[in-house]
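Worksheet: one structure, shown below.
Read from first to last, the chains carry the letters A, B, C and D; within each, the first residue is number 1.
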Amino acid sequence: MRKTRLKIFLYPSLVIFLCAALFPGGEEKGEALLIKGAKIYTMGPKGVLLGASLLIEGGKIKKIIEGLDWPQAQVVDYSGKCIIPGLVDAHTYISGYYRLLENSQVVTSDLVALAAFDPLSPEVDEALAAGITTANLCPRNENLVGGITSILKLSKDPKGVFFLKKEGFLKISFAKDVERDDRAPTSLMGAKEMLDESLKNAGNQGDREEIFQEQGILKLAKGELQPLIAASNYEEINTALKWLSDWKKKGVIVGGEEVYRFIEELNKKEISILLSPFLFAFPDRIFEKASSLLKLGIKIAFVSDMPEGEASGLRTSALLLFHQEMPQEEALKTITLYPAQILGVESVVGSLEEGKDADFVVFSGEPLDLSSKILAVYSSGRLVSK
Amino acid sequence: MCLISLLLSPVLPTFGQTRAIRGAKIHTMASEVIESGVILIRDGKIADIGENISVPQGAEVIEASGWILYPGFMAPSCLLGSQEIVNFESFSPDSSSLDRFDFYGDYSRYWAGGITSIYLDTPKNRLISGKGAVVKLGTDHGAALVIKKDAALRINLVKDALLPPMIKIYPAPVSIENPITPTQKQFPSTALGAYGVLQGLFNFEPYAGDLAKYMEEISAPLKQAQEQNWPIVIQCEKAAEIGQALELAEQLKLSLVISGGAEASQFVDILKAKNIPVIAEVNLRPNDIFPGAKSFPIEEPNTDPKNISALLRSGILVALKPMEEKYIFDLFWITQYFQRYGLSDDELIKTITINPARIFGVESRIGSLEKGKDADILFFQKETGKPLPRLKKVMIEGRIVHEKQ
Amino acid sequence: MVKRKFNPAFKSIFFLILACGFLMAPVRADDVIALKVGTLLKGNGEVLKDAIIIIKNGKIEFAGVNYPVPKGTNILEFKEGVATPGFIAANACLHISQETKEVSTYSREDFYEYRIEKIPALNEERSETTPEMNLLYSVDPRSEDFALAWRSGVTCVYLAPGNLNVYNGTGTVLKTWGQSPQNMTVRNMVQIKVTLGEEPAVGAEGSRFDPGLRTRRPQNRMGVDSIFRQALVDLQNKSELPDSQLNPQELLFRKVLQGEISLRIRAKSYVDIKSAFRYMEEFGFKWILEEGVDAYKYLDDLKNKNVPVIYGPVYRPKGRFDFNSENDFYRAQTPILLAKKGILFAFQNDAKSPISALRDEAIYAVKLGLDEESALKALTFHAAKILGVEDRIGTVEKGKDGDLLIFSGDPFSPSSRLEKVLINGKVMDPNK
Amino acid sequence: MKRFFYPSHILKYVLVLLLLAPLPLISQVKAIKARKIYTGTQGVIEKGVILIEHGKIVDIGEEAKIPWNAEAIDYSQKVVIPGLVEAHAMRGYDKANEDNPLTPFVSVLDNYDTSHDAITEALRSGVTTINIMPGNATILGGRGAIFKTFGLVVEDALLVPDSGMKISVAGTPMQSRMGVMAQLRRYFNETKDYMEKKEKEQTAPKKDEMVSTPMSFRSPESVKYEAVADLLRGRYGAFFNCPSPSDVVQAQKFSEAYAFKAVYVLGPECYKSADFIAEKKLKVILDPELIYFEKGPVSEELKKVEVAKVFYDKGIEFALLSDPDKVHTRSLIYQAMKAVSCGVPADAALKFVTIVPAQILEVDRQVGSLEKGKLANFVVLDKEPLDLAAKVEFVYIEGKAVYDREKDEDLKELTNEKIIQ
């Protein structure tokens, strides 16, 4: 019974992999595109460029020119506007909130989130409209081992589902949603024990089906995958850190407010954290603690948790952080460069440098100004939202 | 230097002695902005304010050059924690929100948001949920905090109010005349019913009957409200509800205040003609903060800030409040993100200072920085490169209650 | 002449060095605390007058009379003060975690009005045999009950997973003050907590692996009995296997049979105590009787097989407890009987009596006729012995942790007040 | 007195004694000799004597002259303190509240169980007067009554039939304080109208109609309103249940508006409104929890508040309560000791369980201290009152020894020497 259900669940994912392989999106060879006249926040070494322009060819940034004109290129003039790299959302359930939960088991390590992605859903529009071009699609928190996350370039056309990493992280959850009355585990310690067991027994069973179901865990054991651990309150984060040190692994923690009680440990262990989006109505101390983390040099990144959260949550969080004595660039990095680095895709996205993807957002004014609106969003050189 | 002197300034009651704040840029919501003015404070009141005023001998001087002063904010509607339960009856106009005010509460978070006084409102989930009061979130506990006892009466025409709970009337004591009855359904469950009930209550003539006494009790406050024309805050969001509210006010000669008013922009002319003030509810969800952001699905009623900006520009008396109670600490943000519609700073700040004070008739004490008013002053500081100035100190009745390092 | 020339310079240097010395002195000895108290109850029965206690780096350097206190040591003096070791709750029922689940309860006073109450969710109901559970990492050091505990003189507690399984898990001995559970720990993996009787049968909702199974095995004492024995019998059959081939559970059970880890058996009624004795004869493990409300019926057996008892709460007003035993009065008297018999015993609190009332429980026992010495021992030294941490805490002796309480008078008089609390040599004021 | 035992006159005295022998048996007078008498109001009397006649104290003093026919009882090794007074107890019945939120017409008289465990326990710990009140869960809970802790039927034990009306202004989970106050006002206004109507009809009710006539014989209207009407007429006061500090303010405003006297039963958090209470000189009864741990909203540190001390420093006289459910608040005398540990002086602490509660209940003409003309309710201890080791040996209510430690069967079981081998 369970196996069949699982098969049913697996086929679409395979199909979509094939689609992705056949029609690799964003690779269209065309004439060059020159983005001109804007103030460019390249989150890279070049810093902020005034009066520079981007030369885009084949979806990549070919060149960042100091001058303003370039022969044989279609010119788009954004003079007086601001440009930042496309936002990177490091933890989201976008377009598949109900498809991203497999209720039959607690440990479902073979599921790949990519299969649940639906390019036609309105949430994708929302995300693109808010400037999010890269998203890490994650299984939900209800399962102890939810499955494998996939890092996508968002785009609205069904054939062009294009992923940076098909298998990004292994989603593990110590959150309260795991501990339900109608199934094991019913407590946090039980969850940890169960996880340890499944990691120990990984690959011991002979049955091929079993082995296939455990592939995520196996990859984790081999070190091919890194864990992405959802833990909100003190005990959960403490358990997560203990688990990581037990298995000598580096990982990423998706944490809430209580993350700030572990600043020393995080600093030592070089564990980067993803923060749920800031809202207004948060007490000031939270913003202050977040900025203190950044000052320590710990990489933090804000996530949108769509559709639980909202797409503009990223920009709001950066805005509030900026309001709290953080320099604007640093605040912007928490939604562009740092998430890219945490996801390990900084070679492709996250900043505007030569050779990287041409993902960028054009603002009418300063990016973190209440009155400035998004004029255009480009994903790998193509205008995806206006 | 001045900052140090500020931090050193005592946090003590200032009775008897005079204080002077010198050199600050003052946004008095009464006249135009004073670039470098002086405020004299005595006994928690503003003794004098102006461009060039001589500081008397022995006055303790606060050097505030480089600072921006605003009057303390007034939240036009606040529940002090989203406690939604009032009463079982769907209309209980005799219940007063002052009864659930916590005189000993800790209001430091409200101060951090610049809120020094609020209109303590009654919830939205009953047809007539009761009378509200204007209170100050001050430091001296007790009766001194109450500014105006019965400031307004709230009526809700929104759909939360249209499904009152089943009510049980306890017979006391049980007898043949009044036996134990099962729980009964209550009025109203439709907008029509609400309309009928309200009309019935407002022009109610005493009659003999078993419910007469009760009905008299209930309708007494309404009569009072009509005679002394209290502002009647009517919660109405959709256009239809607003129309209904206007008609009701017309018939019953009520001095109407529209609360919510998401779609009130369609009625601008009428509102202007009858000068009916509006307490506009602003949606502070991330997607609505930034212009042009879409969010799916689009809810009903349409809470697009554009509508509210139309109201603001039309010159109607408008007060702003967040749609959700938890955002009440961000009143300043709420005003500021209407900048994009080209409204001046003072216009916007007025919507959370003097306008609500006018609506609830307490402008003689709070709402602006004028001679004789309470010395509720916010000290802002503008840092270069930041989008907005930041609140650093809060002064209530001449004493500094909140300071940010 | 030469002298005269030489003198002033020498003098100045001398004074300078002296001054330096004075300046340095407090800096050198800042990690040393000296306490002068009117009376010192060492916990092991000794009583000293005008005692001096030196604490260095959180450990007790010296405890006794007339000791040369080094210069510059910061001395705390309590002329009438009485110093005792920090109290130890040999079994504590605390809300130490945000890992809670909501249950609807009612208050006794107006008992038609239900209200939602949060209880710690520390029961792993995956199986009835989960001895490998350990709650160290589901402890939040900032939770209120810890603050409540040390403010009321309890400096050390024993915490274990909940009571709804037969083998619940191993316990942890924690200080009640610290930055993180790791550095609060005195000793981890102390004693496997076992619950006998009705609780595991009735209390638990049942582990539901596959959705078909709605109830679980133990429905009554027999089921509990079989589960308890099954685990140990299975291991006995594997006796020739080496440790490497056993899973962590079985390793723990092996340690139990070898006597390295002792069981702590929660047996509320005399029936369960009886069966506990039976198991002891069958398997020959060491065990400790927890919440031994009916312990007074087995005084001789407990004495002969030297089984320690953890007892509490002493105060049981009528109608408050739903125990299946006939008389509350004997219960109140159990500590006295145990002391008379010379059985090792310690106090505990439970869900209905707050940890801040642990001292009051002892006072009540004293009021009923328990002598103060054994009451204090039960709170400190014997508790530490039962938990197997007497090498670190429990008495005021050289080399032990600086956990001390300083009372304004006799600790067993309710009108004397707790002045200071020391945990690991850190002086804290409980009255703030 | 020495001359009495002069050997030469011995025969005369023998004759006199023989003649007078029957008289003591007839006489009502008792003379209690004690090592130490805490009168409660006139300080402490060393080697004092109390003279009792018809259950009242006739005389008290160091050498109150003992009439020749007095039945002398010798406690010359023991200490005597006034009988303790518990100002507000929610025990002694099966259920605390009606489910109906507005039941002013009920009375604990109809629900009281004289032989309830809690009551015997109170007697055992030296409480002689106890004010039984309905619970906190209803808005208008009904009327309480003051009882002696001894007596077979309610009439025996009764001291004051209607001690006060229980009003709870606190918001419930179902209803905020706003709704509660509205309902209260409504009820009180209706009652006022009813009273006016009554006066018009010139048929004011007889003084103790409520106690005497059974409910069924009266009109439902009078049943509904009489209880509150009596409150407004000033026949008895109200007992406000105030868990939070601002409840006190609201309750005080309410009682002012309708002009009736009130007592405030405080929650532990109410230390915040101590200034208000001191200013308005309110009669207050403290929560059994004398030590209150509060969590700061911003700095999430726990803060310890010794409530009794706060009130004592403000110069407020309060009554202490006990809660036999918990070990640390189990008896009134224990609470007094706790108060001492909080920093309240011993003599004041003793006042707060004897005379002050009596004053609050307005029975200080009868009980609360040992004075001429008061009821002879006192407790005989073997040690100083605020010593843990002190045992309650005898309890006297109206001159009768109603409790004797020797004869206490339950206590015998509790500290049974037999089963201790």
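Following the convention adopted for this analysis, a residue touches a chain if its C-beta (ideal position, glycine included) is under 8 Å from a C-beta of that chain, and two chains touch if they have at least 3 such contacts.
Please read all numbers here as calculations on a predicted model, not as lab measurements.
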### Query
Counting only C-alpha atoms to place each centre, which chain is farthest from subunit B?
C
### Message
Between subunit B and subunit C, what distance separates the C-alpha centroids? Give it in angstrom.
### Response
53
### Query
Where the CA atoms of subunit B average out and where those of subunit D average out, how many Å apart are those spots?
48
### Query
Can you give the whole-Å distance between the Cα centres of subunit C and subunit D?
40
### Message
Where in subunit B do residues touch two or more of the other chains?
### Response
109
### Message
Among all residues of subunit C, which ones touch two or more of the remaining chains?
### Response
142
### Summary
Residue numbers in subunit D touching two or more further chains are 173
### Listing of all chain pairs that touch each other, if any do
A-B, A-C, B-D, C-D
### Query
What does subunit A use to touch subunit B in their complex?
122-123, 125-126, 129-130, 277, 279-281, 283-284, 309-313, 315-316, 319, 322-323, 327-328, 366, 368-374
## Note on the structure
Given the complex, residues on subunit D that touch subunit C span 90, 95-97, 99, 117, 121, 135-137, 172-173, 291, 293, 295, 300-304, 306, 324-328, 330, 334, 337-338, 340-343, 346, 386-389, 410, 413-416, 419-421
### Query
Okay, in this complex, where on subunit B does subunit A touch?
109, 112, 284-287, 289-297, 326-330, 333, 336-337, 339-340, 385-388, 390, 404
### Task
Write out the stretch or stretches of subunit D touching subunit B in their complex.
100-103, 105, 171, 173-183, 185-186, 189-190, 193, 215, 220, 223-224, 244-246, 249-250, 272-273, 275-276, 297-298
### subunit B to subunit D touching residues, read off their complex
83, 85-88, 92, 94-97, 99-106, 108-109, 122, 130, 141-143, 170, 172-173, 175, 177-178, 213-214, 217
